[in-house]
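Just passing along the structure, written as structure tokens.
When the chains are written out, they are named A, B, C and D in that same order, and each has its own residue count from 1.
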Amino acid sequence: MEERVKVAVVGASGYSGEELVGLLLRHPRADLVCVTSRAEAGRRLDDVYPRFRDARRASGPVFVAPAVETIIASGATFGFLALPHGLAAEFAAPLVAAGLRVIDLSADFRLRDAAVYREFYGHEHPAPALLAGAVYGLPELRRDEIARARLVAAPGCYPTSVLVPLVPLLRRKLIDPAQILVSSMSGVSGAGRKAEVALLFSELNESAKPYGSPKHRHLSEIEQELSLAAGLPVVINFTPHLIPITRGIVSTIYATPNRGVDAGQIGAAWTEAYGAEPFVRLLEGEDRLPEIRHVANTNYIDLAWRHDPRTGRVILFSAEDNLGKGASGQAVQCFNLMAEFAETAGL
Amino acid sequence: MEERVKVAVVGASGYSGEELVGLLLRHPRADLVCVTSRAEAGRRLDDVYPRFRDARRASGPVFVAPAVETIIASGATFGFLALPHGLAAEFAAPLVAAGLRVIDLSADFRLRDAAVYREFYGHEHPAPALLAGAVYGLPELRRDEIARARLVAAPGCYPTSVLVPLVPLLRRKLIDPAQILVSSMSGVSGAGRKAEVALLFSELNESAKPYGSPKHRHLSEIEQELSLAAGLPVVINFTPHLIPITRGIVSTIYATPNRGVDAGQIGAAWTEAYGAEPFVRLLEGEDRLPEIRHVANTNYIDLAWRHDPRTGRVILFSAEDNLGKGASGQAVQCFNLMAEFAETAGL
Amino acid sequence: MEERVKVAVVGASGYSGEELVGLLLRHPRADLVCVTSRAEAGRRLDDVYPRFRDARRASGPVFVAPAVETIIASGATFGFLALPHGLAAEFAAPLVAAGLRVIDLSADFRLRDAAVYREFYGHEHPAPALLAGAVYGLPELRRDEIARARLVAAPGCYPTSVLVPLVPLLRRKLIDPAQILVSSMSGVSGAGRKAEVALLFSELNESAKPYGSPKHRHLSEIEQELSLAAGLPVVINFTPHLIPITRGIVSTIYATPNRGVDAGQIGAAWTEAYGAEPFVRLLEGEDRLPEIRHVANTNYIDLAWRHDPRTGRVILFSAEDNLGKGASGQAVQCFNLMAEFAETAGL
Amino acid sequence: MEERVKVAVVGASGYSGEELVGLLLRHPRADLVCVTSRAEAGRRLDDVYPRFRDARRASGPVFVAPAVETIIASGATFGFLALPHGLAAEFAAPLVAAGLRVIDLSADFRLRDAAVYREFYGHEHPAPALLAGAVYGLPELRRDEIARARLVAAPGCYPTSVLVPLVPLLRRKLIDPAQILVSSMSGVSGAGRKAEVALLFSELNESAKPYGSPKHRHLSEIEQELSLAAGLPVVINFTPHLIPITRGIVSTIYATPNRGVDAGQIGAAWTEAYGAEPFVRLLEGEDRLPEIRHVANTNYIDLAWRHDPRTGRVILFSAEDNLGKGASGQAVQCFNLMAEFAETAGL
């Protein structure tokens, strides 16, 4: 049996933390040595999450209170942070300083510019000195940088669903950066495990609604990465919607091909960019569009596109599990790259 | 007690037919004298739909086989057609000829041009001679014409959710007709009561998917009405999605104000157009966007809009019950106008 | 137009309060003059519940803080209490003293014995002096007493679904009071609108669970009423389950006919007891059992029964809307009786 | 890498067949060499089930028409049958004769007595000669027999949820065999992938209903196994319910301890029977009862019990995934035993 790497999950009482713990518990090369939660400290992991209980093992990992010293003392060489933004940076800085490699699932290190962080998150960035060294953890865009990184910022769920389809097209200058419009719909787990009336079953069931328009926080990282891909500032419209499912995101994106671009180049660009990717599936066939049920509980993102000759626009579609490729699965994919494991290990 | 008008529902085995029957059974001025269904002929209505059973009445209406003579013989002066397109026209023609006033919920009389019908529905129009006299039954746009009509074509569910927000803006030339993009999501009842694997609970639950892109059938009537409002041919992008709820549609619409138009004019145009409408609610307040739960089981359509100063676009939102304002509720609203009842009677 | 009766709803921020307000707003004989909520005081009703907004009325009722004086000053002659148990009694006593007739939806006045209240609710009864005069508000069992009552305790949602099928059988001594076992499943709105993690969409969706076994609070009123019907102390097993729907309860009840009782007497007893009831529907036919979808958003309770010759037992089934016949609908039914309106008015 | 065993799945167009294929595709010791489906013959597996598509492999397994010769020619040494009852036997007989070891997920070989089969399934048993040699595949009850079997009948979903909690208690004579009553609720996938109106999303969503009372087909195998455990004929009441989730079963069981039995012996019997079982989890703690969400997508069955001193009865609770431990997961568990793999391999 191959050697395992010791890992810690800091802040595992939310949905992405729970998902991360699940993935790491069955990861063939990870040894989960530390799981923290302020709320659950002292309770057994499988008491809080009965789903993880091993029928034959009387005891399992126990939640500890989140403290930098405790995490370091656990011997972990990798730290996953599944904390609210603002708080994540408080742990990232000392852990990186202590030599751990950190994969942060919050928004704290996704933006290169602390001013943009302030604009979208409403407070000063808590650790601006770390921003320059952080890598935006979308393996399909930055595989090599992630592999070498000390601090990786796992992308947001919506951004992953928007960037994967768009970046190759902008890099190849196939579409007009000024004509991008996105409509996304997400399952409720994306809103977090918070005791709020607005997230109650009876408030969301049998309903659907747009929200966060016109300036959802995720727009900041979406536009940052689209701008990098296009080589010029990109501003888009993005509208998220909440639908009554637990997991999954579908994004429908409108774009306008640049003059002289043939619609077929869209598909060719994707094939070139993603043909060898283990977690990007390019759907083909006239009757096939992405559906959440085909990606739920996986690390896949499914893509398809259509050309509308009547308007000249192309429509791009993606589907992913917001807790998988949109959060914890992607974080593990980054971890695999950083630890030099098979990229698909445990996924 | 005021006199009642005798009405027939032709084809009541689907979801909109069932909804229509429910509305008419409790309508203060309608007397449901004839309900047809090929599949259910001979069965009691409340046996097929136990929800409609009156606890103290041993018997209720009985389904009869659909036949023009039977419908005429029932004495009905109004006929609602809840039949598949193509079939509806076969009943509309003789019923109108026999002097009944007809409200058709199918697509057969929504389009003015038989060629467009052929393009989108794949077969020749079955009764082109009736097209000129049919009225597109959106009361907020054509109240007076509906009141006088012999044959009303109740609009599709998606079209209602798109036309109500857009038409006043195009009529006032506030937005660019070439820059309209729509993303809609609908509950499953919109797909009809058909014994198909694709509509099974386990195929749709916990999922969501786009479909019908780029040329859904409803596009034909949407563009027809937008073109009439704009006074020039309008071509748009429209993408429907299926989400796991039974009832309801949310539409999110992107538009670009014309040069010189202030965003505030959007709201002013809506207030002017709909301020006195009984079934259009203009939501106000920064935290208020349309939600399906607030319109489900009603005849309301809720509207809100946002301006995005970053892209210069406006985003329009609507929510309705696809079986209410999107189908059967609207058909009853037309009926009320035609019969000179209070427009809100029974709704 | 007939005269209206002024009514107040005290505590309208929960699901049964919201439902009650909806029923009373469209009740032909009720005039809702006072709606209280500590949390929402000062906000407009249709701002808190956008579903109730009238498209053409700029303003609607406004929530006021709950205070006995305010309620009395409103001129209401009927007060509905939709408050947590314990708190309800604090309002019931002074309102009854001031001459209002009170319909309480909490558990405070359902039990005749303050000691049983203490046993099941964990604190002393807050107004034991009122218990003797309170009437358990199940119209099918106590129509006349309700009509005359000053204080009516609307039954719990589970109890209604269990008592309606069982009471006629116990009164007629058709079944063994020692052999009653109940398994119920309820929609989530029954748990109330509380900001608790356990009630979040993502915790309940795609799951189901038993809870409150073996001694759920509703057992106290179920057994009280069964004992009254049987004329001897009845103790039963009752297991509630939570299922991922918003509204509705199904109860499946096992009973053993007494020696010499023919199974057909079950149906005959129900017909005798409920044949003329407006809200009890006795389903017939081999393929017909109660389903929530047929009673949701109604005040009906549907009943059916089966005899199992292999075990000798009978199985009784009921379905109701937990917010309808199980709470607010039933409260309005009681109100109609008390005010001498048609029993079905507004339902 | 260890050697793999070649397996065939016969009839993979239903939900349990799909689940089986998913489990076997990622099973470390199975090589899926043949997948049949009449309806899908000629289509690629990952075209029918996009969820199984490997992003980097252009092609995958292809469905073949079901024919005994084709299956034998594939070289498979194990055949899983996921066919309707009646049809399964037609394949089981020749495949067993050809030397394959067969795991049948249908009801064809669960009953020892062909007369009981006829009574419950309405037609003559198609291969009575095989009944004597078939083993009822519940590993927790018959591990050794399964390991040696040529033909294993994987138990039904409801029976698994009922037998696991009850058998140890009957074997130890702790409960009265004449006083067993079961109420179960199941997700919709248990009804199969059939194009029927009754299984449509809009017919089942936001509802719940009992069905199949009093004599559901699964009763036959439940009572057979309970009788074997008790050493005398056992007849019970069993009521299944359909609830709007895709996967999962909860069973709530009432039993009466025999005179002199202390309630604590229930738990002790379970610990003795299942303490070392890999897939049976005994929940402890006053606030812990089985929930579907903790077992969905696993092969676990979770158990808990309560004693009601008021009635003297015990209440047993179980939860499982109807497609996991209730069908395909259990079939793979049997396969592991038969092939002498780790019992948990691939699960």
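Here, a contact is a pair of C-beta atoms (placed from the backbone, for glycine too) under 8 Å apart; a residue touches a chain by one contact, two chains touch by 3 or more.
Since the structure is predicted, the reported quantities are computational estimates derived from the model, not experimental observations.
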| query | Using direct touches as single steps, what is the fewest number of steps from chain A over to chain C? | reply | 1
| Pair from B-D, A-B or C-D with over half of its contact pairs in common with A-C | B-D
| said: I want to compare two interfaces, B-C and B-D. Which one has more contacting C-beta pairs? | reply: B-D
| query | Between chain C and chain D, what is the separation of their C-alpha centroids in Å? | reply | 39
| task | Find the geometric centre of each of chain B and chain C from their Cα atoms only, then give the gap between the two centres in Å, rounded to an integer. | result | 36
| Centre to centre, by mean C-alpha position, how many angstrom separate chain B and chain D? | 46
| remark: Residue numbers in chain D touching two or more further chains are 203, 205-206, 244-246, 291, 293
| query | Mind pulling up the chain A residues that touch chain C in the complex? | reply | 15, 187-189, 193-197, 199-206, 244-246
| message | Touching residues of chain D toward chain A in the complex: what are they? | response | 47, 50-51, 53, 55-56, 205-206, 276-281, 283, 285, 288, 291, 293-295, 297-298, 300, 302
| field | Partner chain A, residues of chain B touching it in the complex | value | 181, 183, 185, 203, 206-211, 213-215, 235-237, 239, 241, 243-248, 250, 252, 254, 289-293, 296, 306-308, 310-311, 313, 315, 317, 319
